[in-house]
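For clarity, chains are labelled A, B, C, D and E in written order, and residue numbers in each chain start from 1.
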Amino acid sequence: MLSGGHLLSVLIFFPAAGALALMMLRGDDYKFIRAIAMLVSVAELLFSLILLRGVPIGTSGYQLEEFAKWISAPPIHYHLGADGISMFLVLLTTFLTPISVLASWSSIQHRVKEFFVMLLLLEVGVIGVFFALDMFLFFLFWELMLIPMAFLIGIWGHERRVYAAVKFVLYTMAGSILMLVGIIWLYNATGTFDLPTIQQALANGQLVLEPRTEMLLFLAFFFAFAIKVPLFPLHTWLPDAHVEAPTAGSVMLAGVLLKLGTYGMIRFCLPLFPEASHRAARWVAVLAIIGIIYGALVSMVQPNLKKLVAYSSVSHLGFVVLGIFAFQNISMQGAVFQMLAHGISTGALFLLVGMLYDRRHTFEISEFGGLSTPMPKLAAFFLFVALSSLGLPMLNGFVGEFLILLGTYQRHWGWAAWAALGVILSACYLLWSYQRVFFGEITREKNRTLLDASVREKWILATMAVVILWMGIGSPFITRRTAAATQTVMDQVEPQRAYEASSPASVKPQAKIVRMNAAQTAAIERLGSR
Amino acid sequence: MTTPLLVFFVLSALAVIGAVNLILQKHPIHSALSLIVVMVALAGLYLLMGAEFVAAVQIIVYGGAIMVLFVFVIMLLNAGVEEHTSLSKLAGPPGLLLAAALAAFVAATIARSGASVQAATQTGALSSTKGISEMVFKDFVYPFELTSFLILVAILGATVLAQREKS
Amino acid sequence: MPAHPMLEYLWIVPLLPLLGSAVNGLLGAQWPNKYIIITAISSTGLAFLCALEAVREFFDSGQVLFHKEYFTWMAAGNFRAGFDLQLDQLTVVMVLVVTGVGWLIHIYATGYMTHEGGYYRFFSYLNLFMFFMLILVLAANYALLFVGWEGVGLSSYLLIGFYFLRKSAADAGKKAFIVNRIGDFGFMLGMFLLFRAFGTLDFAQIFAKADLWPKDATGQFGTLTIACLLLFMGATGKSAQLPLYVWLPDSMEGPTPVSALIHAATMVTAGVYVVARSHILFTHSPTAMLVVAIVGCATAFFAATIGLVQTDIKRVLAYSTVSQLGYMFLACGIGAFTAGIFHLMTHAFFKALLFLAAGSVIHAIGGEQDMNKMGGLGKKIRWTYATMLAATVAIAGFPPFAGFFSKDAILFAAFQSATGGRILYGLGLFTALLTAFYMFRLIFLTFSGRPRYDEKKVHVHESTWSMLGPLVVLAILSVIGGWFALPAFFQRPDYFANFLGPVFGVREAVEAGGEAAVHQLELILAGVAVVAALIGWAVAYWLYVSNPRKADDLAKSMRPAYTTLLNKFYVDELYAAFVVRPLLWLSTNVFWKAADVAGIDGTVNGIAHGAAAIGDTVRHSQSGNTRSYAVWVVAGAIVVLAVIFFWPSASKTALGLVH
Amino acid sequence: MFPRAIDMYRVLPELMWCGFGVLVMFLQPFVRGRQFFTFLALLGSLAGTGAAFASFLHGGPGFSGLVQSDSFTFFFRLLVGSVSFLVVLAAGPYLDREKLPIAEFYALLFFATAGMGVLASAQELLTAFIGLEMSSISSYVLAGYRRDSLKSSESAMKYFLLGSFATAFFLYGIALVYGATGTTLLDKMALTDGTSTLLKLGLALILIGLGFKVAAAPFQVWTPDVYEGAPTPVTALFSAGPKAAAFALLLRIFATVPAATQYWFWAFWVLAVLTMFAGNLGALVQTNMKRLLAYSSIAHAGYILVAFAAVTSMAQGGSSEAAPAYAAVLFYLLSYALVKLGAFTIVSQLGGTGEKNLSLDDYAGLSQRQPFVAAMLSIYLLSLLGLPVTAGFFGKFYIFKAAVNSHLISLAVLMAINSVIGAYYYLRVIVVMYMREPSAEAAAAGPVPFPLGVNAVLLITFVGTILFGVYPNPVINFILRPNLLAH
Amino acid sequence: MVPTNYYVILSAILFGLGVFAFIFKRNVITIFMSIELMLNAVNLAFVAFSQALGKLDGQVFVLFVIVVAAAEAAVGLGIIILIARNRQTLNVERVDLLKL
């Protein structure tokens, strides 16, 4: 369906145009640069709101599709589309970008122009990833967003920024290159890079992957996504990247980039390799649960506030992965919701930590203490956000966690029980750190005179708080729109339910590789000619 | 043992001794002379095979022109006895062992595969210098022309490298 | 205009305190105290009035269960959790207690908190608590109930940590929240299991379906048993039962009105409420019931023993609360839900009063909480003394005070209960004795004897009427609150039981007004209970009024027991030593430093360093010596030749291996 | 006997290059103006490249099968022609700066280009050998072109000695192959019995000789030294031209002689692995930009060898499915040549007089001193790294695809690992440029001037890198045509 | 009649000696001579094969090889002179400025 015009392309390339325009500007008029960046990102946000209308509720399949032939051999198409899941992730991105711009308003003081250019380019890459329906295109954007992020960390980060930036890139690249091999392998088996085509072929049985191949392919994709998520034990890039990144970088990293991994799992691993997903599910679940508990425990004992938040992401994203691999509609929806919720609340936490850093130039918890007295407003916001992060009902974190656990429980009560421990632990580390930062008498003289939230900061935080609250109360606004998409994924992953621990080798698919037949190829061509 | 075979062994012994002597001699001029011995012995072998033209070219161009150039350079540079350094760890026994192994392997493989060399059928044609010239100017005229450019390169290169600074 | 507007707009009841909270929280910082008071009092007062109106309409509509869905809050797949409120008899009791007692405490607090900083913050939190508590009791499904459940935990956290400059206060708040979360962990799992079993979390549907289930046999772990036990785990957290009671004594770090409202009257009873609300599930699981009864009884006794020796006036009350909550669970565990709820209500009156009065005492004596530094206050603060005495008599179980009726109902039910009833009864009775003892000990130490404080420095003064007013009202309630059950003693239907009958089943109500033999027994047991209370009073009198030294001697002669009690059986220390510290140590040294930094990250960095080291080796093969390079070339030649000639699979068939 | 006109057409580019080489040599004593020679050289390389079109239009075997003018040849002629054109553009300012004679340089460059053209078009081993020698001997001289520089002359010596050493292997291989098959014509060779041991040995030796030329490990040892010592524009030429030509010959042998594909497969497999690791690991610890790029060249040769392994594996089955693998090699060589030329040109220009500023530290804060240059270099490095929207990405993509197509998953995975290792040192350069502050003296010295010729090179390579990174269709369609190698 | 194989084996031996000499010698000129030795070995093989096959092209190749060798010699010796001038030594081991 190409009725949607070119909204998706516009959404992808508008920030790129903005970045280009910024590049043309003279570099020394910071105010003007910031204003332009803000303008572009807000305009982008407004554009992206059109998506809400473009992706109707309850309609499965991809909407607002765009299709153009691109590379002839191998056949690679410029194929975009949105469904409920990607729509909201894009909205999250377009929402967090202006927030990031605003958060960098005064804390970025050198090489301002490049900073905003990088931020906008990052947005391009991320949105591209969410909209891409051609696996090659997906990979292209996937790699593309690495560089701006690395620059954001490496140029505007803190002391060990270079180490962190390089680590970030290498880690991610290690996974993504394997994914490239996987993508090509899949192409070999199917003759197309087009995701919907492959899905269709899988659905009507024209394509059956041999189990071992399927597993290897699954792993190739999964590995890349697991690094991005990050799933234990592939997470060690995350604390470094977060601690060293500037506030906006952390916000985008935690808010959006981590979701690319879980998004990839939903979009690729499950629908394309249902059998392998089933076989791997229990191991993935174990890793996710370890991540939840381990991330929380490690987070609890961090002396560095930002690292604490970073490790908490490991824990929270563990929930998401668990929710995805529980293969329950409820938990899947919970996972999608949790992705959004985590984006907002952890993003807000990073904003707050950044604001503290702006004032004290340190992340060490021991350097703080008693901050409630000089800055009650900031303390209140921090508490609010922390509560959302620890999953207080009526705030956004709860809905996701609850749905995930509820759904997971339906599959396997043990998984849910272990994972639910994370709920206890998140309260431990967040409240304990909150106490050490904000409660008690002031222990450092310097802290006595710190300024409370400025008007700009208050606006940022209030916006975040409103979204947090709104998501916590009005969650059906989102879940209704993601329902069709998650249901589609469930339909794709569940029908071949040969997965039964008790009956091994009950239904073994025949080891055959079926190539695209002529009719399908023709179908692609037709799609292209429109 | 037939006469050609005897001649072959004598000449090949000469060639090998020359080659070994090239290695053993300390002074480059002695090495150069040993090389000339090898070349002459090879020219003899060419004659033995009935390739007179090649043998002549071997003597004239190789033994004559090229080796003279060598000797000339040795004299020009006033090269003395070879300095026996052993800075390279690899080029000691291990490297030489490797080289020997390589040589042995190649020789042994050739020896074992003797049957695969196609048998000689008509030896008479070999003596034809006319045949050679026809081939050079007909079948191989393109590489032949290219070699002319190659020599140009050599001349140009030598002048570029060896000329003194103009300033 | 609907027939019952207040019922239709029931959401207004919880919303009013929320508005109050929001207004005070957002604007209060710049306001004078007066505005803050007006906002806080009016919002809760209005809520109380609205609740009354709703109750009136409820009666008006013939006491039919009211249920209304307002909006969907969570929906995914076949799961839906709505913002659905309901009102039945049980809710009526709870709503009135919460709004009524809550309002009184608000009024009290306006006086009590006058001299504290952060006035607006306090009332904002307090109103927020009201909001969540009302959500809790009005909720029509477990999910929404859980909102209130967690929300009151949050408010409790905020209010306990109100004096955040004090580390102990912040610690206590955090502890409360986390221990509650541990309980919530169970509660959540319980909900998940219920959803799995019934496909919904709505009370009405679950209970309707559960009613059709066969009973889980005793000793077996059927779905309902596990679900009940998990829910009960949540209840032990919220209602401070063994083993999760540890947070409640610490919560006394909060301002006294908070202790009265949250940690005596309302929030801590949420666990009891949930068990009562889920009674259909529980009654289907004898095992779970037994566990509830045992835990309740054990907690009642255990907490009472600790209460014997505490010297901090609020801590005595705190342990007393734990103990009394144990009674309520005991009641629920033996199936006497009505009695449990009845005790919940009376307890709300007299325990709130006790706390408020204690607050008044503390206020009077300048912030001192140690009873060893009080004494002889009875003459100086008569109103406080009188009201507190009334509450003490009530809790000790002397007729016709409220506590007598409710406690008696529980003990009677325990005595009659089939499984292990006599043991439970015996323990309960002994606990009643202990209760009377430590409560009178409190009264005697505080109000009788000679002053043990520095009379020159401390100017003892009676509190203002904004504080005394609520005391008086509560005192009256403490006296008459139990009279609902009075008819039972005259072989007439128990009003309270009758009222709750539709909820808990008519059978119970009939039993309460049963045959003559039963009635006789009830009278005898009541007498026994009164005797026990009298013994408790007598011992307290003997130890603390007649022979004041005797108490110390006794403590000395039984030092191990005494110190054990004084240190609350070292439970906190045990938790610290076996859970908290090992966990922190493990997290720091094993998970973080060993596994994460050294292990995983070390491996990653190790690979990087390894690569660099190999790179350095490669680089050093680049010696710059042409002869070496020649050797490399020769080596390469040998490699190529070796591969071409000797590679085992260098043939077409073996090529298949890589395919 | 004068050859037929059609034969002349089919070797027209080489003739053009040689002719212009001779012309430059001839005019050298008469004309003083340096600009004149640069202009002439540009004209010449364009003429040669343009002649490639002519010979493509009159395609077919020439000189009784010694050479072949087909699409494949055309591609490589265009490639080496463009390379020489760009090297001329870049070398002009360089030679001026270093005050080196200009005419001889261009003449040698022309002969070298012609040699590469011969290599690409040769259908017969001896012709190929002559072509190889033409390009090699010119290269030796070019490497030592800065006569006064110790490094340059050393570079020439090493290149010369080792190059000749390897050439001897190559030649011996030809001799053995000749002995085994009785011919040196590739298409005739294809008709003979492919199982003889002598042929096997001969092919092995040929592989050794060519392996040296393409800097496959463990023959790679000369590369860093020679690349570092040679004048930088020459290094650029080395990395792009001769390597491509040697690969062309290898491909030609593959495509024509079945025995080669059979014997060479595992050798390529092993060489590919060794080369990738040697290049990438060696580059990890380099601090000299030229050496770093040299090691990276080795690594990239390794990647191309992966594609070769894929070609062999496919060609063994005799199926037409090898075409994408050939295409992968060709596209990679193109993208790689563009990028390497651009990168070396920047290095050359930033090196300053006497090539002093080659250390990585000299690049610190380049993004602030010369943002444009830093951005360009970053693009090249990212292309080498294989990030999307650059030609290097597609190059790598096609190689991966070829490897996976041939079921060489393990090789693909090893290549993936190497890509990650490679990413580290490319990033390191970017990090230094963008994330470190410039040294005081560098900041004081001000920006290094970039003359017109250099900028033209950068523009062309940049546009090419991005263009082929976004829209590779024309190239891909061309190199995927079924009659790429008419045999 | 001498079997062709003999010639080829001799050529292999000479080639091997050339390789050996290349590694063993230190003097640049001598090393270059060992290359010439290798080329001679190749020539011998060509002629031998040419004779065995009864084809003349092998001998033509020899001519080409000799020409190439001459060209190489010219350039090579030029380089050697350059080195000798720049470094005042002919020992390859002393020419190791470029390394690591």
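Basically, a contact is a pair of C-beta atoms (placed from the backbone, for glycine too) under 8 Å apart; a residue touches a chain by one contact, two chains touch by 3 or more.
Note that this is a predicted model, so its numbers are computed, not measured.
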Spelling it out: a chain qualifies if it touches subunit C and also touches subunit D; which chains qualify? A, B, E
Taking each chain's centre as the average of its Cα atoms, which chain lies closest to the overall Cα centroid? A
Could you please state the distance in Å, as a whole number, between where the Cα atoms of subunit B are centred and where those of subunit D are centred? 30
Give, as an integer number of Å, the spacing between the C-alpha centres of subunit E and subunit A. 64
Can you check how far apart subunit B and subunit E are, centre to centre, with Cα atoms defining each centre and the answer in Å? 6
Report, in whole Å, the distance between the mean C-alpha point of subunit A and the mean C-alpha point of subunit D. 42
I need the residues of subunit B touching at least two other chains; which ones are they? 87-88, 91, 95, 99, 102, 106, 109-110, 117-118, 139-140, 143, 147, 150, 153-154, 157, 159-161
Find every residue in subunit C that makes contact with two or more other chains and list them. 608, 619, 622-628, 630-632, 634-635, 637, 641, 645
Subunit D, residues touching no fewer than two other chains: 126, 130, 133, 137, 140-141, 144, 147-148, 156-158, 161, 165, 176, 179, 182, 201, 205, 224-225, 409, 424
Quick one: which chain pairs are touching? A-C, A-D, B-C, B-D, B-E, C-D, C-E, D-E
Write out the stretch or stretches of subunit D touching subunit C in their complex. 157-158, 161-162, 165-166, 169, 200-201, 203-205, 207-208, 211-212, 216-219, 221-222, 224-225, 262-267, 270-271, 274, 277-278, 280-286, 313, 316, 407-410, 421, 424
Under the touch definition given earlier, write down the residues of subunit B that touch subunit E in their complex. 2, 4-5, 8, 12, 15-16, 19-20, 22-23, 28, 31-32, 35, 38-39, 42, 45-46, 48-51, 53-54, 57-58, 61-62, 65-66, 69-70, 73-74, 76-77, 79, 82-88, 91, 95-96, 99-100, 102-104, 106-107, 110-111, 114, 117-123, 125-126, 128, 131-132, 135-136, 139-140, 143-144, 147, 150-151, 153-155, 157-162
Contacting residues of subunit E [partner subunit C, same complex]: 19, 22-23, 26, 31, 92-93, 95-100
Parts of subunit E lying in touch with subunit B, wherever the complex brings them together: 1-10, 12-27, 29-30, 32-34, 36-37, 40, 43-44, 47-57, 59-60, 62-64, 66-75, 77-82, 84, 89-91, 93-94, 96
In the complex of these two chains, what residues of subunit C are touching subunit E? 619-620, 622-627, 630-631, 634
